[in-house]
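Given below, in the form of structure tokens, are the structures.
Heads up, the next two complexes both have chain A, just with different partners, chain B and then chain C.
The block that comes next holds the complex of A and B.
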């Protein structure tokens, strides 16, 4: 094992970390907004809202992320004249925005189910108590339902964020030079797959470790009533590829 | 040249890509099944290391699941794709062969999927094993069953029963992960769509078709796993 080479590799690959984090956080943040909307649509009990949301979740969870990325990046090129006429082409021409869009749409589908689970887990007596105090509508949602739901959904949302960090690696296929993209370039230049793999894997593990810790800290901060037993570590669950 | 309609394009006519896409979908299913089975073997061994092993095997198994679930699958595929050829080349040069030896893309893909899904399946098997009642294992031991016989008659059937929902999830992952194998050049569904999109300049039509075929496969497999779960639980009383 060539440690000088691995140190150089590490320094090269670290150059991709900002883009990896940028893609992850942009899409997680935008995806959370869309997911909230989808979850509320699912729970509205209005069929016109519920069905499209269900269909959305079915489609985006049932197809590979790479297909979604290709559909947006290459597929929309078929409608280039129309998109140019609408002035959207500058957006869809950029691999960065295509990757962000695909990742956002994808994570929104998974996250909406997590949020829905969280919202539905709010104990009914809490809501009744709040109503008895005279709260209703947005105040009830803001003070009672939302905080409890966030607390419930956070561990699952934590693993979703980890999954998104992993999923950003697919952006390398549409020329984004984040960690995996740089790693692939380096492997094809040097043919030292094992060393580059170890370094790149290590970087992802460190990133995910830090994110897990941050989420654990937020969980700890959000649940003072459970302070005695230690917070449950968000588990790395199923990837969506 | 006249524009082909969508159905001519993906149909089975002289200009249609229907057969090519269906064959490629078959390839997707084949590589996913092989990868899933490889993952089952890996997963069983890793779960065994976690449950029955000593401190060394347990930490190895824990390390394996943590690492493989913490790094992107694409990296693992690159490792197998480039690393596999390099390793084969090194072995080949020992026997006097020269130059680049490529590993078949199918083998690379199935192995990479197996290694990654093995980490997930190990957790599924471990969880299912913990549900198997201790009493059953003690009973089996008390009638004098040896480890292998007990595994075959008592543990494996029950673990499989409890593992079906988790295995269903893993299967969905594997199916979607198989799309990543297209980077190695294996002509599966996504690769074929890419080729067709390139040669007809109708990328949207082909990627939508690929998405529909993927949805169809996931939908049918969800149904099959539900059937399997219902079948395996037919003798059980539901708690609720």
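The block that comes next holds the complex of A and C.
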């Protein structure tokens, strides 16, 4: 192990972190909106809404993200005249937007199922209690159903966010120089695959460590009922000493 | 007594024959990329084909060994050699000082220049220096002057190269700050993006460009710019070998020398590239 080399590698690869985070958060944020929509469509009990949502989830969960990125970038690239006619080419011309689109569509499929699970896990008696208090419609959703659903879905959603951070590594196949893209370039210059990938793995580990802490903090903040009431004991004990 | 002698000789003879047979059956595993037409590519039916497949088979016949040719992604082709997944690389790999730090080379078996591929209708088709040839190793000043002249028209354009290649190094050294450089995993990918209009030019080996221009989809594209060899573009294409594999290096070198001398390399070069890029002198 050459630690001086690994330090240099670390500094080089850190240059890819902004793009990795940018791709992760943009796609998770856009994906969450789409996922919410899909979950509501699935739960609407209206067939014309339910079926397309089911089909969407089936397709995007059932095919590899690598294939999706490849098809959106290189596949749609072959239909340039059509896309130009529709005014979409400025969007599909850029590898960044193609990557964001593929990641968003993919995460939306997974997240919609997580959100649906969360919404369905809201205890019925809580909804009834809220109705008894006179809440209904959007007020009921905003005050009771949504906060409880988010709390239930958060552990699974946290995993999905971590998966997305790692999934951004696939964007390197469409020329995006994020952490993995830079790692591949560095390996090609130095041929030291083991050291470079150890450092790249370490960077993802650090990023995901921070993200898991943030998600844990949000979970704690959302679950006041599970926390122990603040104890008064310690002050008395201190007096004894 | 005579009988014993005969049996003894027969036994000895068969033992020798068996020894010879096992020497015949020595297998060398050669890695190629399988995505770099016409050098090496996966043909219809999933079989590896191309210039290097033909050449490898010829060299192996000369070395009297059995060869197994396997496909390996370009990215990991050197690390996997050092990890002993195979014994040699024949994948259009240029002999460069940088690679020599990690692996050894036999050859070169060919030496061809690089070039740009652009659309005929693009302003880049008028790039300066088209048709001129320079060697960065032996005529550095003249070559760099030609490169500077050809750069003028590339300002603000996007150029695609295959990552981990001498062309990527060339782009890093001479085009950085002039054009935006995008790195692709394979030449097929940058060709697709050139056709899609996401990039304005492809910088690659002239033989790879000729191979692409042969396809009907690329009839409206041309190769432009000065033909550069040598220097950081390497001393031709050779067989990549592990350091210390001197015996294999020696037999490859002898086989390559013989194949160049009797015109086999030239014939194969004409067959696959339509130009003779066998090393001269």
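The rule is simple: the second predicted complex is superposed on the first by the 227 of 241 C-alpha atoms of A that agree within 3 Å, B and C clash if a C-alpha of one lies under 4 Å from a C-alpha of the other, contacts with A are read in each partner's own complex, and residues count from 1 in each chain.
Operating definition for what follows: a residue touches a chain if its C-beta (ideal position, glycine included) is under 8 Å from a C-beta of that chain, and two chains touch if they have at least 3 such contacts.
This is a predicted model, so every value here is computed, not measured.
After superposition onto chain A, the partners chain B and chain C occupy overlapping space and clash. By the document's definition of touching, of the two partners only chain B reaches A:201; chain C does not.
Once the two complexes are laid over each other on the shared chain, residue contacts for A:78 go to chain B and to chain C alike. Once the two complexes are overlaid on the shared chain, A:191 sits against chain B and chain C alike.
Shared-chain residue A:173: touches chain B and chain C both.
In the superposed model, A:125 lies in contact with neither chain B nor chain C. In the superposition on chain A, contact is made by A:93 with chain C only, not with chain B. Touched residues of chain A, counted separately for chain B and chain C, are more numerous for B. Within the three-chain overlay, chain B meets chain C in a clash at only one of the listed stretches 96-104, 186-194 or 222-230, and that stretch is 96-104.
In the superposition on chain A, the residues of chain A contacted by chain B and by chain C overlap at 74, 77-78, 173, 184, 187-188, 191, 193. Chain A contributes residues 74, 77-78, 80, 93, 95, 173, 175, 177, 181, 184-185, 187-189, 191, 193 to its touches with chain C in the complex.
Interface of chain A with chain B (complex): residues 58-59, 62-68, 70-71, 74-79, 162, 166-170, 172-173, 180, 183-184, 187-188, 191, 193-194, 197, 200-201, 204-205, 208-209, 236, 238-241.
Interface residues of chain C facing chain A in the complex, by the touch rule stated above, are 75-76, 78-79, 82, 98-99, 102-103, 160, 163-164, 168, 182-185, 189, 192-193, 195-198.
The touching residues of chain B, when paired with chain A in their complex, are 66-67, 69-76, 78-79, 81-83, 86, 120, 169-170, 173, 175-180, 182-183, 190, 193-194, 197, 201-208, 210-211, 214-215, 218-219.
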